[in-house]
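In the two complexes below, subunit A is the common chain; its partner is subunit B in one and subunit C in the other.
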Partner chain A sequence: MNLKDLLLQEYKNFAPTASKALPIALREESMKQFSEWGIPTIKQEEWKYTNLKSILETPFKLNDSNGKAEGIQPYTIDAYKLVFVNGVWNTSLSDIKGIEAYATLKSISEAEPAVLAKYFNKFHPFQDGLQASNLAFAQHGIYLHVAKGKELPKPVLVYFLSDTTQGPILAQPRNLVVLEQNSSAKWIESFQSTGNDTSFTNIISEFFLHQDSRLEQYKFQQENDKAYHVGTSQVVHLEKSYSHSAVMTWSGALVRNNLNIHLGAEYCEAHLYGLYLGSSNRHIDNHTLVDHAMPNCYSNELYKGILDDQSTGVFNGKIWVQKDAQKTNAFQSNKNVLLSAKATMNTKPQLEIFADDVKCSHGATVGQLDEEALFFLRARGIPMAQARLLLMQAFSDDVLNKITIPELQEEITATIAQRLRP
Partner chain B sequence: MSDSNKILEELTQSDYKYGFVTNIENESAPKGLSEDTVRFISAKKNEPQWLLDWRLKAFRHWLTLETPTWANVTFPAIDYQDIIYYSAPKQKVTLNSLDEIDPELRATFEKLGISLDEQKRLSGVAVDAVIDSVSITTTFKVKLSELGIIFCSMSEAVHEHPELVKKYLGTVVPITDNYFTALNSAVFSDGSFCYIPKGVRCPMELSTYFRINAANTGQFERTLLIADEGSHVSYLEGCTAPMRDENQLHAAVVELISMERAEIKYSTVQNWYPGDKNGKGGIYNFVTKRGICAGDHAKISWTQVETGSAITWKYPSVILKGDYSIGEFYSVAVTNNMQQADTGTKMIHIGKNTRSRIVSKGISAGKSQNSYRGLVEVKPRAINSRNFSQCDSLLMGDQCGAHTFPYIEVGNPSSIVEHEATTSKIGEDQVFYCNQRGIDTEKAVALIVNGYCKEVLNQLPMEFAVEAQKLLAISLEGSVG
Partner chain C sequence: MLSIKNLQARVEEKEILKGINLEVKAGEVHAIMGPNGSGKSTLASILAGRETYEVTGGSITFEGKDLLELSPEDRAREGVFLAFQYPVEIPGVSTINFLKTAVNAIREYRGEEVMDAVSFLKMMKEKTKVVDIDETLLKRSLNEGFSGGEKKRNEIFQMAMLEPKLAVLDETDSGLDIDALKIVANGVNKLRSKNNAVIVVTHYQRLLDYIVPDYVHVLYNGRIVKSGTKELALELEAKGYDWIKNENTAV
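Let's turn to the complex of A and B:
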């Protein structure tokens, strides 16, 4: 049975048990769209370079609550910990003691309908079958609401684990994070897997930033080499809010990260950073959108990639400057290094500008390690392999430096260094 | 602000100065498109059977296609049955000298600023003039033929050099390439053909002028240019059309073939009627232009100045097949009022050590939309390839749009591809600097725009550069936002 039919059938079983927080009409509508659109194909411009064909026939198991959480590789940082296994929140392994003083944290299926009506599914510039499916199945996920004027003392760290020891797993978590006025939070998503079978994660996280709030979000992809991942983060900014996102991918079979930022009021600021390391047959696709809807906003984007073996990298960065968004400053840069003859990079930095008093620039490069820099190092007695490593580390440091939690930065930098070593 | 508004107004009210209609008797095909139309055109031109078969094949393929919609332009659906596909000015069958051309026609050329005899005497530019898709005359033919250069109309080439036409026609842009090439292949009526033999450096600029004259006609010309080993040619193309309320379709195909060590420089100054300031009328310019560097060390360079047309939708491309071959693309695209442009280039690197360079300057004013769409593709075996792209946009006024869609696909680790783009408006401080030195705002903007486009204008041959600068000045002077 192909994936589309599988999801359609699963929905029939799921619909009666679905949380009532979300109107059933919305789910039905969404499922109808899904049955029309199906799984995205390369015929669609947004999916031109990323082909999901190879997973269509996999017999996935949906939201399997029997998964085991053994084998998680925990980070050492002090954080509010949440664990999802196969798309289902495992409350016994989670540790969120003390968070209630600052914020509300519960399952999205327990969120008040009024809250969902106000914040849920508000910004979705590119709808496709996968997003429709995620919405129809929206049940498992976190709803975090940080209270006015509060600053979370610790980051929120969410592990999404796919336990594939019992066969292929499909998970569709849906998160909603709301930051009230003057609040601040750090949000970390870590994707991991156990077992050697394939898994498919189709996740959407939404962030809603009220006036003067501040969000830092990190996403680390470290699943096994058969894992498929399509993740979407949507950030909606209100006045003078600030967001800082870093998305890093160094494993998985096919990874697609969508990051959509909507600057919906004046004086907002958004920073987007990305790092991706391709080896073996890995396919890594980063799609970003910065939508400048209002004047006087600032956005800055830097994505860097190193591609080895037969890996493929895709980058599509869109900047929209709407008609009223005068005095916009928007910058974007995508830099890639190809290490092997069979690695491929497809990049498309895209600007669409409807206002005249703006400063926008984008740049993209694809190249290799600098021969002269290598020679410089080798002339000083550093062996070839180590010289290359040094250069690659320096290349990725630009992005790694943007992790503002020192212990986490150290940990990820060490992991990356390990990955880069031949 | 009120000043600049005034200037904008003046600009939008300035008339399209090439908008006259010449009363020449036309011989037309009936309206509409069917196999009969294709056969009619072919019979009219007394074509051999293989060409008719080729046209019919294209037509049958076209029937299976749908109008593409991916471009960043909007226009009402075209009724292909409402177009006249063949319209030839009535004239004597053969012309022995320029004096025998219909005097009305010559007056047309005078108005266009291409005085044929004058050009012959003074500027040393050989001209092939095409009105309503039929080639009227080719100057300097004798002088060129002494060097073995063939420069004639396409229909002449079909009869006199069938082996060349048959060998190369449709090899760079196959009939199945896209919707408009299939249409063009089925109904093309004329165009220019040029062959430069081995080792010959063409002593003068070759030039074609295109003009749509009759109402309701589409122009479907076909240009084929072959530069054999070690040769060199510079080719110019200019276009104008009368002012009409309805939209007219121009779907041309240009094919360039550059052999080993040959070099082709192809320049276009496109000034089709852009429609009035409310977007009524104007030409749809849907053109497929592509060149192939078939041999090693070959070079193709496209230069275009696009100021006209209601909609411009074209991507002059280069296939870099030979090792060490070079592709270049220099473009200035200006849109004003309701004009739309979706233009750019494709550089396809197949050979080793190939190089390409893209410089694109977009200027949008009024309510226009200007897009750059480009592809740089480096195939895995194109090792050590190099590309540099720069596409800048300049916005004037707060109702226009500038868009950039660059596709970059790199398949090997020894190639370097760089792309950079900026979008900005004319700096107030720059204008102020000029004002301070006694240069009024209007002149200052012209100066800044000229400077902004210099990199591209410098690539044009002398005669064209002057014309292009004038065109820019007419289109944009003073429209500071």
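Let's turn to the complex of A and C:
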């Protein structure tokens, strides 16, 4: 059975058990769209370079609650910890003691209908079958609501583990994070896997930022070489709110990261960072959107990639400056290093500017390691492999330095250094 | 220590070196002078192992080893050091960062123990004094935003840290004011010993007032057309390079 039929059939079993927090009509509508659209194909403009066909016939199991959490490689940072295994929240492994003084944290399926009506699924610049499927199946996920004026003293760290030891699994988590006025939070998503079989994660995380709130969110992709991942993170900004996003991918078979930022009020600021390392046949696609809908906002984006072997990379960076968004400052840069003649990178900045008083810039480069720098380092006695490593680390440090939690930065930097080592 | 015999080299189809002969013994300082484009940097780069140049004939022996057989890193570890005419900028790599790696790569090659962080920093502090370089510069991205003088001083600082047997300085004096020139010369003179040798590539005799050479060679059009002692540098200064050019076009 192909993936589309599998999901249609699974939905029939799922619908009667679905949480009523979300109107059933919305799910039904979404599933109807899915049956029309199906799994995205390369005929769709937004999916031109990323082909999901190799998982269409995989016999996935959905939301398998028998998965084991063993094998998670925990980060050592102090954090509120949450664990999902195969798309299901394993509440017995949560460590969120004390968070109630700052925030509400519960399952998205227990969120109040009024909350969902206000914040859920409010921004959808692009729609496709996978987003429709995620919405129809929305059941497992975190709803975090940080109270007015509160600053979460620790980051919220969510592990999404794919346990493929019993066969291929499919997960569709859906998270909602709301920051009330003047609050702040750090949110970390870590994708990991155990076993050697295929997994497919189709996740959406939404962030809603009230006035003067601050969000930092990180996404680390470190699943196995058979992991397929399509993830969308969306940040909706109200006045003077601030977001800082960093998306890092160094594992998986096919990874598609969508990051959509909606600057929906004045004086907002958004920073977007990405780092991706391709080796063997890995395919890494980063699609970003910064939607400047209102005046006086600032956005800054830096994505960097190193591609080796036959790996492929895609960067598509959209900046929309709508006609009301005067005094916009929007900057974008995408830099790539190809280590092998067989590696490829497709990079496309896409600026659509409808206001006249704006400052926008973008730049994209695809090159090799600097030969002159390599010769210099070797002429100082450093062997070739180490000289290359130094240059690659320097290249990736620009993005790694944007992890503002020092121990986490150290940990991820060490992991990445290990990956870069020949 | 270094023996260059009938060295010929080209880049793409262009012949640049047309038969260079040079003998350098431990303890000596040689100056190589000559007009722009005569092949001085080519010679220096070939000594360090730059692969853009194709050696088409001749040999280079360093301490009994065939230098041309060695990779750039192994030449450095054998004790060859090149101060670049145009120092490289490397964003994100600080001088301290790569020097730590370099010092230990060299020690490892020689079968010595790696240097711990404390000893490394101590050595660094000492050497910064030799060339009077600001420590904060060494923590910044290599040569990024450095002035011309700072870049050249940084090259000499690296030389001091790596303690080479043979140092090749390619126009390290160009763009330096007289104070900086003295500091650089002082750094080089500190390295001089009966076990080490220095090749100073320069355009002007000015530097040779401070680094007094044992021999002076004039490189013109890919050949060493004149060799002598330090007086040759003074003669060149007085007569200008046209003297050499005229003499050699006549042949």
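Here, the second predicted complex is superposed on the first by the 422 of 422 C-alpha atoms of A that agree within 3 Å, B and C clash if a C-alpha of one lies under 4 Å from a C-alpha of the other, contacts with A are read in each partner's own complex, and residues count from 1 in each chain.
Methods note: a residue touches a chain if its C-beta (ideal position, glycine included) is under 8 Å from a C-beta of that chain, and two chains touch if they have at least 3 such contacts.
What you see is a predicted model; the values in this text were computed from it and never measured.
*Asks:* Which of the two partners, first being subunit B and second being subunit C, lies in contact with A:D370: first, second, both, or neither?
*Replies:* second
*Asks:* Have a look at where A:P349 lands relative to subunit B and subunit C in the superposition and call it first, second, both or neither.
*Replies:* Only subunit B is touched by A:P349; subunit C is not.
*Asks:* Mind working out whether A:R378 is in touch with subunit B, subunit C, both or neither, as first, second, both or neither?
*Replies:* Second partner only, subunit C.
*Asks:* Classify the contacts of A:A15 with the two partner chains as first (subunit B alone), second (subunit C alone), both, or neither.
*Replies:* neither
*Asks:* State whether A:L390 touches subunit B only (first), subunit C only (second), both chains, or neither.
*Replies:* In the superposed model, A:L390 contacts subunit C only, not subunit B.
*Asks:* Under the contact rule defined above, give the subunit A residues that sit at the interface with subunit B and also at the interface with subunit C.
*Replies:* Common to the two interfaces on subunit A: nothing.
*Asks:* In the complex formed with subunit C, which residues of subunit A make contact?
*Replies:* Those residues of subunit A that touch subunit C are 370, 372-373, 375-384, 386-387, 390-391, 393-395, 397-398.
*Asks:* Under the touch definition given earlier, write down the residues of subunit A that touch subunit B in their complex.
*Replies:* On the subunit A side, the touching residues are 45, 323, 326, 336, 338-368.
*Asks:* With touch defined as at the start, can you tell me which subunit C residues reach subunit A in the complex?
*Replies:* Contacts found on subunit C: 48-51, 71-73, 75-77, 81-82, 84, 88, 90-93, 97-99, 101-103, 105-106, 109, 141, 158, 162.
*Asks:* In the complex of these two chains, what residues of subunit B are touching subunit A?
*Replies:* Touching subunit A: residues 70, 378, 380, 383, 393, 395-425, 481 of subunit B.
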